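In the two complexes that follow, chain A is the common piece, with chain B as its partner first and chain C second.
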Partner chain A sequence: MKTEQAQPQAAENSLAAMNNRIGRVVTEAVGRTLRDRGVSRMLIALVVAFGFFAIMRPRIFLGPINLQNIMVAAPEVGVIAIAMMLAMLTGGIDLSLVSIANLSAVTMSTLFTAMAASNPAFGESMTVPIILIGLVVGAACGLLNGLLISLVGITPILATLATMQILNGLAVVWTGGKTLYGAPAALTTFGKTAIGPVPMLFIVFVLVAIVIATVVRSTALGRKLELQGANPVAARFSGIPSRSVLISSYTIGGLLAGLAGVLFLCRNPTASADYGASYVLLVIVIAVLGGTNPNGGFATVAGVVLATLTLQVVASGFTALRLSPYQYSIAQGVILVVVMILDTIQWSRPKWRKRGVTTDSASLQTTQVGTIKKDKEQE
Partner chain B sequence: MSSTTAPATQLADATGPAPVLSARHISKRFGGVQALDDVSLDLIPGEVHCLAGENGCGKSTLIKMISGAERPDSGEIEVDGIVHTRMNTTSAIQSGIQVIYQDFSLFGNLTVAENIVLTSAVAAKRKLYRVKDAREKAQAIVDELQLDLDLNADVENLSVADRQLTAICRALVSDARVIIMDEPTTALTHSEVEHLFTVVERLRARGVALVFVSHKLQEVLAISQRLTIMRSGRVVISGPSADFDRRSIARHMTGSDVEESRRVPDFDQTATPALEVRGLTLPGAFRDVSFQVGKGEILGVTGLLGSGRTELAESVFGVLPAKSGTIAIDGKPVRVRNIQDAVAAGIGYVPEDRLTQGLFLEKPIADNIIAASFNEHRNRWKLLDRKRIWGTITHFFDQLKIHAPHPNRAVRTLSGGNAQRVVLAKWLATDPKVLILNGPTVGVDVGSKAQILDLLRIQAERGMAVVIISDDVNELVACCHRVLVVAHGQITHELVADQVTEDSIQESMAV
Partner chain C sequence: MQLLRKFRGANNEGSLALILLVVVLGMSLLNPVFFSVNTAFSILRAATVPMILALAVLLVIISGGIDVSFPVVAIGSAYTAVTICLKTGFDPGLPAIFGMAIVIGGLLGLVNGFVIAKFRLPTLIVTLGTQGIFFGAMLVYVGTRYYPTLPDSMAALSAVNVVELTTSAGRAYLHVLVLLSIAIALIIWAVLKYTMFGRSLYAIGGDAEGARRAGIRVVRTQLWIYVLVGMVAAIGGVAYVVMSRSANPQDLVGGELDIIAAVVLGGASIFGGRGSVLGTVLGVLLIQVINNSLLLVGVPSAWLRAAVGLLLILGVGAQAVSARRSAQRIHTVDTGEAVRLELEKVS
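Right, the complex of A and B next:
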């Protein structure tokens, strides 16, 4: 409301008007995001989980080290979860993401070791090209997935299962099953850097989230992805080029997995074929918790980011409580089931109650329609 | 309230044979909407009772009450002297009430015999299933109705008409005494409808009470003995069908006189045709088809199901690209290899199957309207221009009078007529030069139908070439400059101007 009142005065001052506009766009975007069920429920879950562990073990859990750890560990899972969300948005799934990330990390580590063997300084100076190659490897693997799914017509779960096996096998054969040591020092340094209390890795994660959210919400490609997932037949009859849309989706997913490979190297200068094996299913859990509809057509990046953080909070909370990773894996399953049950309860509520809620949340935009109508009448 | 006499007429008929089912004083509220308001209905064995009314008038809700899918707030349903204040679906089926929905709810991967028998076997909690018994049971029903149904065929390979017959047989296996059919004729051709009507006669002879829910006034009058018209959740009038004619039914349904006469806007016949098709051939569907549509012309295309009319439209739109022949838009030849080519050339297509091909049901109306024109709504940074998109959405939401609380609502919540307007809006948003509509008013109520045809006339006046593919002869006569009749993959007749009459179309289709 304040921004709107301030508008006439700010008309002369273009900077203020600009600020005003940005403010309004942000308010609108935040409002729209919060209205999404996936987002609001994960926000609640995050607060509840955080509060619970903060009360149980305030000393350890609220310590700066623990909070930093959460922010350092979340990005690599989160980026892969966002990639998974993209695949699920089109009604598919991508099981090969973790394999792609590992292959990309292994490629980068091998390249660096080879270059640094003769001249360490040369290896360091090639950091940026090495990262680019890692990303290209990711994108190429994603492209392969996209081609198998859209051109050949293999079901996503089978196509990516196959590429998962192939890429993982490639990495194992290449490394001989050993863990490779070696990554540009710049990456490791970057992984340890923080702006104030916020690690750079986390900032990268947030930036990736913003970029993908923009792609999904504000580009033709993103909206087409959504519609392709919502009803492939109607998408075809609406002139949406299904093939290129699917190829783009899996390629972007592969690119994100390649980026996750870079993040792996930032955290630890090691690469192996079997790193993060538990991530494969974890990212599906995260994507679904974040409000992604496994049948396609509905997903929000914000929901996925919040779900990532929630699970990371639970994981570190369990460590703080000295519980084992196995107990954490039970907790993951329980959280997923509980959220899904809550979902069904909400669905079967009497219709009028749901209507009331949606009308409330929609009222903001209703006023918008009203003003547009008025404008037209004046014309 | 305009209907003061409704309950009186309802009760006056109680002198005949005892009704097998009576619904009395049923009321139901959904939130702020009174979906049903003190509705009563009697079903008499051996009678076809037609339930007519516009979309949203409450007839579907009433059926849901009778079949136990929803329960009424007040009122009761009496079946064979047993009074139920609420039904559930199981007790409804046990009482012999069967509903045949538009999608027939059949299992496509099972055979006809299995479909006919299985549900009743499941309902009877039978653990084992014997192929031989099932076949015999199914065969008995098929013989009784004198149907020509292949019991071993998979249902997914059947025509719509045969699927419907399968659903009817299934209802009879469960010993149905009340069969409710939702829009039974919309997907059928003329001859199939006639066949259905003979089957209905046999069902009547068997003492089954039938309810037809229909929009097609002509058929309503042809088949039913009794007619109940609903509007805004109330029974407006109920009585013997002989007391009604098409005009009076339409008037009761809409509450006003509906203009159904022929009205075609003028168009410039000398201008370059917007769409010109030459020698189009798709083996197995149609061959050597040539026609043209002028700017501002409304062309009707009709023919029996399987005549190739749908395939022809889908070829022009790139769904089934033609093997040979040329397509020109505004005099310029275009290659249509896929749908994107067609859309880029300025062709829009409102498909036959609105629910699966035309709409994203779970998505908001807004997303559906914009679905085909994202690329036209980008700013200079290739990002979507939210303001302009919203402008387009509200423009068509208002212009097409889509009746919904807000464009953010999921399309799933809309009635047939409104859903069709959303599909129409999607294509108008692309500003097409040629708009092809396949069955534009199938499953749409009378009032909406007139409005949709009006919308098409307006688009034609603005210079759009409109092609309507339809079974509905009234609709073709009402708004088409020219009508092409397709049979066996070729254009057999071309009816121009004054030749476009109901009789001439029927006649040329019969050959």
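Right, the complex of A and C next:
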């Protein structure tokens, strides 16, 4: 590598070296990505699903409207799934994400309606501050989760179950259970614009994915998140500040949920407390399909993005085949269970006997360590 | 101190009972209408189905798992049984309908248990998947129709009351299915306390590897847990259908987290190994009482979810803080215990 970086003698030479280098970087990146189980298997699943529906119903499925619909529908679920992946990376889970997204959407819609009531132009001009407030609401809710989990010490699944109920309750009370209408026109137009065939919403999704992927892969915070999830005790003894790591993980998750709220308003200028109730569990499915270890320590953003797209492709493919959403529900469940089963068979057959049955990897690890110790003592 | 500790109970049942008492007393002082047989009966009626479902979830949670497919199992098995009766036009009578639903629920539970026990997958993920499969299968293969009328035997049960009283506030009815939920609570209490199966649930929830070494057949027990949960959920489903006097396949679904919240509020540990029938009963009752009293005070019922969430945070938060305190007080070098507490704190 160094020789290639050194001053090239001839222009032709440097071009070849450059080519060579780019080629190597690309193969390395592709190779590394494919080694991640979530990415490779979701890539295969995406291609298979896409190919299947493209062959079965080429006219409907490959039509520009359908492809655009996939790209417009995927971002909001995908962004929440990435937030879920962050929580799972630290070994937790965040059930409150959809409630946060709805609360942020409701806040923005209410603010806009209040501002536009007296002067519509003023409401429009405040679009950016309104979006910022929506994001802040999301981040604040995430911060609340983080504080409950790290400072008070409540288990993530319970803390976020509680905040889910609280935030959703607040949104229900606020809206009176009705759907609010009204959002800055700029947001709605943004939701409808596209660069070439790619909708802006999808570009936002990809940008978010790239940012989070960079954070997870190449920053100190990302490493700390991984270590925290892989082994909390070891992380603690390695001097990783568990509290601030957890707080930042859930705050970023909340921020992303707030962003999902903005995306809700981009697609539809309406906000309600009950929007996307099925997303709560769907995003867990997506995160796990994308190769996220539900016990923490391992996750890839690329896998989550691919899983989001795969499920969206299957959903719209089922529509193209005129199958009902209920049949899609079956397919979704079957995909999840089958993928999980295939995973176990591939990965844990050698140590089949030794594995405990607990779902908690941390306790599993300690029991294993404990038993090994005892075995040695007996010897 | 000793007495106090005994009153608090192993899973904070005492504190929960105290809160329940305070809420009831406070409400009665605020609004005398609250303190009546009518209110008590209607709360019991409203608590019946959540109680049966919560008891089913309690079994899973004690064993260290979590199940989100039980509402679909409940409504799925009840709806299927009703559909079979209505389609064939043959009413086999109540016991047969209950039996049919229980068999279907047990089979669905067997699917859960098989996948979980055989492949040792995380229970949350598996039941998420099967939830989708069961829900889709019910709507695709059984039907999507809403049945406003039930088979005669079930419709007859809808109107049966055990106690009918005339009070100053009007007539008060105690529905017969309230007795069913009490019976189920007693049976599950006895199973948990006196049977080998019940004790092994706690053992597996506490430490699966330890349970295995102690000679408990972990895989087989896990399989039975989910079958049992499916069966109890199916009873809850039939009770729901009878009490709502109609069969709608989309009902109950989506309420799984509310029920789990009630069980956790009742002192069951989400890590497994801890939990009691009494706590769960109190948790479910507390939520229903709060629901009822919010209405009486004139607070919109929309606040219920927020109130439940707040209670959950207070309850679980208090436990977490006291666990941390006691961890700091004990300066032993028992690393196993320290690590466990540490894990509870960070995970």
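Couple of notes before you dig in:
What we mean here is this: the second predicted complex is superposed on the first by the 316 of 379 C-alpha atoms of A that agree within 3 Å, B and C clash if a C-alpha of one lies under 4 Å from a C-alpha of the other, contacts with A are read in each partner's own complex, and residues count from 1 in each chain.
Everything below uses one rule, namely that a contact is a pair of C-beta atoms (placed from the backbone, for glycine too) under 8 Å apart; a residue touches a chain by one contact, two chains touch by 3 or more.
From a predicted model like this one, the values you see are computed outputs, not experimental measurements.
In the superposition on chain A, contact is made by A:Thr214 with chain B only, not with chain C.
Set against each other, chain B and chain C differ in how many residues of chain A they touch, and the higher count belongs to C.
Of the two partner chains placed around the shared chain by superposition, chain B and chain C are both touched by A:Arg236.
Once chain A of one complex is fitted onto chain A of the other, the partner contacts of A:Val152 are limited to chain C, with no touch recorded for chain B. In the superposition on chain A, contact is made by A:Tyr328 with chain C only, not with chain B. Within the superposed three-chain model, A:Gly297 lies in touch with chain B and out of touch with chain C [touch as defined at top].
Of the two partner chains placed around the shared chain by superposition, chain B is the only one that A:Arg223 touches, whereas chain C remains out of contact.
Once the two complexes are laid over each other on the shared chain, residue contacts for A:Val288 go to chain C alone; chain B is not touched. For the contact definition in use here, the residues of chain A common to its chain B contact set and its chain C contact set are 233, 236, 355-356, 358-359, 362, 366, 368.
Chain B makes touch with chain A in their complex at residues 30-32, 319, 339-340, 342-344, 349, 351, 356-363, 367, 370-372, 374-375, 377-378, 382-384, 386, 390-391, 394, 397-398, 405-408, 426.
Only residues 214, 218-220, 223-224, 226-227, 230-231, 233-241, 297-298, 351-352, 355-356, 358-359, 362, 365-366, 368-369, 372-373, 376 of chain A touch chain B when the two sit together in their complex.
Residues 91-92, 95, 148, 152-159, 161-170, 172-173, 176-177, 228, 232-233, 236, 242, 246, 277-278, 280-281, 284-285, 288, 294-295, 324, 326-334, 336-337, 340-341, 344-345, 348, 355-360, 362-364, 366-368, 370-371 of chain A touch chain C in their complex. Chain C makes touch with chain A in their complex at residues 64-66, 68, 115, 117, 119-126, 128-137, 139-140, 144, 204, 207-210, 212-213, 218-219, 222, 254, 257-258, 260-261, 264, 270-272, 300, 302-310, 312-313, 316-317, 320-321, 323-324, 336, 339-340, 342-347.
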